[in-house]
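Across the two complexes that follow, chain A remains constant while its partner is chain B and subsequently chain C.
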Partner chain A sequence: MTIAEKTPRLVKSIFSNAEYGRRNARRRRVTFLFLAAPALVWFLSFMLWPLLNMFYISTTSWNSLNMPKKFIFLDNFIRIFHDPKVAIGLHNTGIYLLAGILGVIPFAFMLGFFLSLRKPGYRILRTIFFSPAMLSIAALAMIFLGLYRPDGMLNSFLISVGLPGLTRVWLGNQSTALGALIAIDIWGGIGFNSVLFFAALANLPEELYEAAMLDGAGYWTIMWKIAFPLMVDFIGLITILQFLGILSGAAYQILLTGGGPGTATFTLGFYLYDQAFLSHRLGYSQALGVMIFLIGIVVIILIRRISSRASN
Partner chain B sequence: MLKWFVRVTKRMQRGFDLFVIGGYFVSIIYATLIILPVYFVLVSAFKNNSQIILTPLALPPALDFSKFIQAQNSVHLLRAGLISAGITCGAELLTLLLAFPAAYAVARIQTRLSTLVETIFSLGFLIPGLAILMPIYMMTAKAGLLYHPIALVILYPAFNLPLAMILLSGFMRKLPRELEESAVMDGGNVLQIIVYIFFPLCSPGILTVLVLNFIGIWNEYLFALILMDSDNRTIQLALALLRANQRSVDFGLIAAGVVISMIPVYIVFVFFQDRIMSGMLAGAIKE
Partner chain C sequence: MNKKLISMTISLLVVISMALTACGGTPATTPAPTAPPAIVPTTVPPTAVPPTAVPQPVTLTIWHNWGPDDTKGAPLQSVFKDFMAANPDITIKDSVYVDADIPLKVETASTSKQEPDLVFSVLFDGVLNWADSGVALPVNDYIKQWGLDGKFSDAALSNFTQADGKIRAFPLEGFTWPIWYNMKLFDQAGLTIPKTTDDLIADAKVFRSKGIGGPVIASGIDGMGGALFNLIVESMMTDQETIQAFGNGDWTTPGAIAGVKLFVQLRDAGVFVDGVEGVDYASGDTRFFAGSVPMAHFGSWSYTDPAVAALAPDIKLGGFPLASGSPWKNPVYFSGFTAKGIFVTPNGVEKIDAVKRFVQFMYQPDMIARFVQVGMAPPLKSVTIDTTKLPPLVAAALDLPSIGDTPTILDTIMPAAVGTDMGRVTQEAFAPGTTADKILADLKAAYAAIK
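Then we have the complex of A and B:
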């Protein structure tokens, strides 16, 4: 093997020792590092280092890549507190999170439970439910553009069922644009997460349900009295994933609305993108990044706390 | 299909359960809601604008591929597809090259370092892509790789490493200890053990990693948007451009682009759906 041949003799001697994996702890550690170092270096350079950079840049005033950075310490963060756009972003992100989590997780759990009963046809349903997860964000945005545009599928459906009064310019209307974007997340999110719930529920021993069935409990009771308490931790986990995805999402705004109309779809994530790549306020954009990152961490800890307390 | 139907009706006669009926009812409505938009896009790709607006759900009157040709001419979809394919291959190879030995180390070599390394990698799930977008843009610019596909080949493995490590090390932990012991008896070194014993044995795990990475990389939009230019568009950028290029929306054109861009992923989905589901579940649980 060429890799082995190219390995320097010193390092090579470490491995060719028959004692490997037995006694020598130090030798094991060297072997470990030799194998893990490339991946570790890669990960640290392209994930953690940029993250540290984000913290550093957030303490500077920097308005173009070609200009020097000016160290201003916490001024960007003080500005965040007085920035009305941050308030708007927080408000919209809050709505997005609330609807995106409450609109997905209860339904995903119930559908997942139904799938886990393995009634006839559950396999095909599972495949269908999961399929939106295969669509890219760009494809999703384009598909829903076809639904939402003024003469799109949604409006022509409303007209054909005799409800022309309900037609809207869904993405161009201040009162519907945010809901229209959230609906894209809910549409695919229910299905994807229901399959995750299915898989998690499928790991529970069958006897659990059988005992309750003998006691005359119906599926509805079993779902809430047996499956739900056992799934609390997992629900917490799915909530965290859903939360992080929405909190740092901006792709639909980039692709469809540009944060508008007005500020209707202007979220924190989009503000970060806007400051970094459209308005070129690099320092400030990274301060927003730090805020988003910290919100994420705090909420993760919070959800973990709640779910571990609830499951005890 | 008929057999299935008979089985369903038999089961239904056996136990009339309101929950199950409600479950089917909701499931079928939701399944319809999923299928309709996708179906709509599929048929729209073969229609002109007025057909799309007037009869959105009707089958196309003819298999007219002109929108596909038009989409190809306006944003060079096939070229973008080739660039995406190239980036995917490079990034897959690199991910595997990095993750496989590291996963072996974490799973099979007992030192206290392995928990530390696992913790470091699990941090990856906490880092929002949007937050490191700007710093990565700067790094890429400094390295002189801006607008070069190599930049994505280098970056994507870093994003994919946490999941790849979880799946591969999870797989390796299940293999019996004796594997290494007998190899060491025969005088094999670690690299030989990895290449000749673990690599072939782990091929199911490797396949899962490759499939999940493929979907992630092929579908990635944000970093490609920032780091590539018009000469090096990935398939997702080309797709988004189909809309930006036109004043009034020609949805048939966009639909054709959507269909082309999703074909490879859906083919993979058809063949490997169980792998994809279990892989994504393992990723979610281990986070």
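Then we have the complex of A and C:
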């Protein structure tokens, strides 16, 4: 049989294979959609829909759950640009983020590295470090309220060690209130994140450390020259989590300071809470939510880019 | 496949956004939720029920904050018990919540029509809008139809009446909020109750020299200290100026400026305990009740608090001393009826006969007297109580009207949206170094922000 004779059969075969391939692909697609449908429905119903609703509510004037909404399009966003409290919130949130990230991540990493060396007693230390995460925020707030009171433990300690000049009204003083709240986050964040770092560092091959030690490297060098570069992606992830927690969080402001004194602890997250639950401006609160959401996305992209560049 | 999936997802999103757009268009035109009529008639007049009919069992749900730890908890349970004994067809199912949480809980429940039939709530903040938003119904007609007309005191009714005449709820808890003087400490320092702020400043020096410290404790870090700030500022303002400032944000009147300046003067003269800006309500309570601070600003809800029992014999109630130039004649303290009202919800209207019977039962003078015995100021014109059996501070509070004057209470005039800003400004005001100008500027800014 010549090629010319074979051609129609070949073409037919190719076409039938292509037909088969198409059918197979369609079948695979249907199966994929069928299997993915529950997750997709879940995502649309419980993730995307509320998110879209937030965008929608941000375009309304809605002053109580029981009052009708009024569509005002971008008025809430225009107001954000003229609202001095947003500027105050951004300023305080910026300080909070800077201190909350720089004060947590490096120390958590170092502590996680120390734990990953599995020195005697590391299990107990790991449990102790993780314990703040097991306490409810309300309980933590009570602990720190007791600590920060004018006659509380911190001032009593300072007096007992001969430093009465350093005593402050920690939560009631404009110059110390924000720092006092950040300190709670740093205290809890270092311990919690160190356990996460420990879990990630524990997966690094021990040979790397051993080889470095044979070359005469100490723990400090190993931590920063070997473990750190290998953990850059993970550090990026932890930074994102820490960033998101601070950006949208307001628990300690709600429980301890009410955003005050004055505007000392007034952050964007607290402003959103304030507008939604205290001032009953639901539409405006969601506009603030959209703003926080957008800031979050931009910064996450930025952190991802920095960490992937550093990783490369 | 990816492209198809993406296009499908986009289509889905488009459908959703179209649906959203449709939703987006509606609110402007959507009518308000079926608003209750301004004056709601009783749905089933008692005469409509045949006298021979066997009453159907009804459960009346009530949300309140008078739990076992509240001095009014026991009297309330006794009223419930007696009411159910007298009305065996009605069962009361009550739930106790934190006072400040009740408004949001009710509003949320109301959106799904799951709200209780009756709510005992403070009249403040968002609750002020309930009669307009339909969370609760005006009770004007109920008062007339249920034989309560003329029984409430004018002051109580006035606190609950909106500008348009709607009565938001049945007034229940009146309060007095005076200054508590620990006479044991005053005697110890050889002092008497100060009549003027100059006396108070002089007393503060004596107390400090004797190691007792600043004489006035307030919770500078939370809202309760804010009440003392308001009282001191109002002591220099006429009622008209108070409404202008706290109601409309006009902090430029002479009284408002003088009031804030007085507060700063007192703070800087050491009248408050050291570190007052960091004192929270709980620790302020504890320190005063422990007998270590001469003066505090507590309300009638604490008169029969077990923690006060040991200290009560040493306490004298009075007003805050006046500065020269004050428009008031006597020391000032707060008094009002906004501490609690009984709100009838749309679900309550569905069981209006049971609600009527409960309300009529509750507002019998001997029932209200049970609460008066534990410190509540009665909302009724006439309540008979045996004054010889009153706890000491409850009895002492009866003399307050002859001792002091009562400036306007702010619960019903201060806009809800400004509340949290006011809290932060007053926190700041307690902190040393905050000038009167700064406080006034922040107060103006707080009101400007809500316009």
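Going forward, the second predicted complex is superposed on the first by the 264 of 312 C-alpha atoms of A that agree within 3 Å, B and C clash if a C-alpha of one lies under 4 Å from a C-alpha of the other, contacts with A are read in each partner's own complex, and residues count from 1 in each chain.
The rule we apply is simple: contacts are C-beta pairs under 8 Å (C-beta built on N, C-alpha and C of every residue); 3 or more make two chains touch, one makes a residue touch a chain.
As the structure is a computational prediction, the values presented were derived from the model and not from experiment.
Colleague: Give one of first, second, both or neither to describe whether A:187 is in contact with chain B, with chain C, with both, or with none.
Modeller: In the superposition, A:187 contacts chain B only.
Colleague: Examine A:78 and indicate which partner it touches, taking first as chain B and second as chain C; both and neither are also allowed.
Modeller: After superposing on A, A:78 lies clear of both chain B and chain C.
Colleague: Once the structures are superposed on A, label A:166 by its partner contacts, choosing first (chain B), second (chain C), both or neither.
Modeller: neither
Colleague: Have a look at where A:274 lands relative to chain B and chain C in the superposition and call it first, second, both or neither.
Modeller: second
Colleague: Considering only touches as defined above, state whether A:147 meets chain B (first), chain C (second), both or neither.
Modeller: First partner only, chain B.
Colleague: Please indicate which partner A:98 is in contact with in the superposed arrangement: first for chain B, second for chain C, both, or neither.
Modeller: Neither: A:98 stays clear of chain B and chain C.
Colleague: Counting only touches as set out at the top, which of chain B and chain C does A:65 meet: first, second, both, neither?
Modeller: In the superposed model, A:65 contacts both chain B and chain C.
Colleague: Classify the contacts of A:87 with the two partner chains as first (chain B alone), second (chain C alone), both, or neither.
Modeller: Touch status of A:87: no partner.
Colleague: By the touch definition at the top of the document, which applies to A:39: first (chain B), second (chain C), both, or neither?
Modeller: It touches chain B, and chain C stays clear.
Colleague: Mind telling me which of the two, chain B or chain C, contacts the most residues of chain A?
Modeller: B
Colleague: Considering each complex separately, which residues of chain A are in contact with chain B in the first and with chain C in the second?
Modeller: In the superposed arrangement, which is not itself an observed complex, chain A uses residues 25, 28-29, 32-33, 44, 48-49, 53, 65, 145, 149, 151, 277 for both chain B and chain C.
Colleague: Mind listing the chain C positions that touch chain A in their complex?
Modeller: 1, 4-5, 8, 12-13, 16-17, 20, 23-25, 27-28, 30-33, 104, 107-108, 110-111, 125-126, 129, 133-135, 220-223, 274-280, 283, 416-417, 419-420, 423-425, 427-428, 430-431, 434, 442, 445, 449-450
Colleague: Which bits of chain A are touching chain B when the two form their complex?
Modeller: 1, 3-4, 7, 12, 15-16, 18, 20-21, 25, 28-29, 31-33, 35-36, 38-40, 42-51, 53-54, 57, 65, 107, 110-111, 114-115, 117, 119-121, 125-139, 141-147, 149, 151-153, 156-157, 187-188, 190-191, 195-196, 199-200, 218-220, 223, 234, 237-238, 240-241, 244, 247-251, 254-255, 269, 272-273, 276-277, 282, 285-286, 289-290, 292-293, 296-297, 300
Colleague: Chain A touches which residues of chain B in the complex?
Modeller: Answer in residue numbers: 4, 7-8, 11, 17-20, 23-24, 26-27, 30-31, 33-38, 40-41, 44, 52-54, 56-57, 97-99, 101-102, 104-106, 108-111, 113-114, 117, 120-121, 123-139, 141, 154-155, 157-159, 161-162, 165, 180-181, 184-185, 187, 189-192, 194-196, 215, 218-222, 225-226, 236-237, 239-240, 242-243, 249, 251, 254-255, 257-258, 261-262, 265-266, 269, 273, 276-278, 280-281, 284-285, 287.
Colleague: Which part of chain A faces chain C closely enough to touch in the complex?
Modeller: Touch residues, chain A against chain C: 25, 28-29, 32-33, 44, 48-49, 52-53, 56, 59-60, 62-71, 83-85, 145, 148-151, 169-174, 257-263, 266, 274, 277-281.
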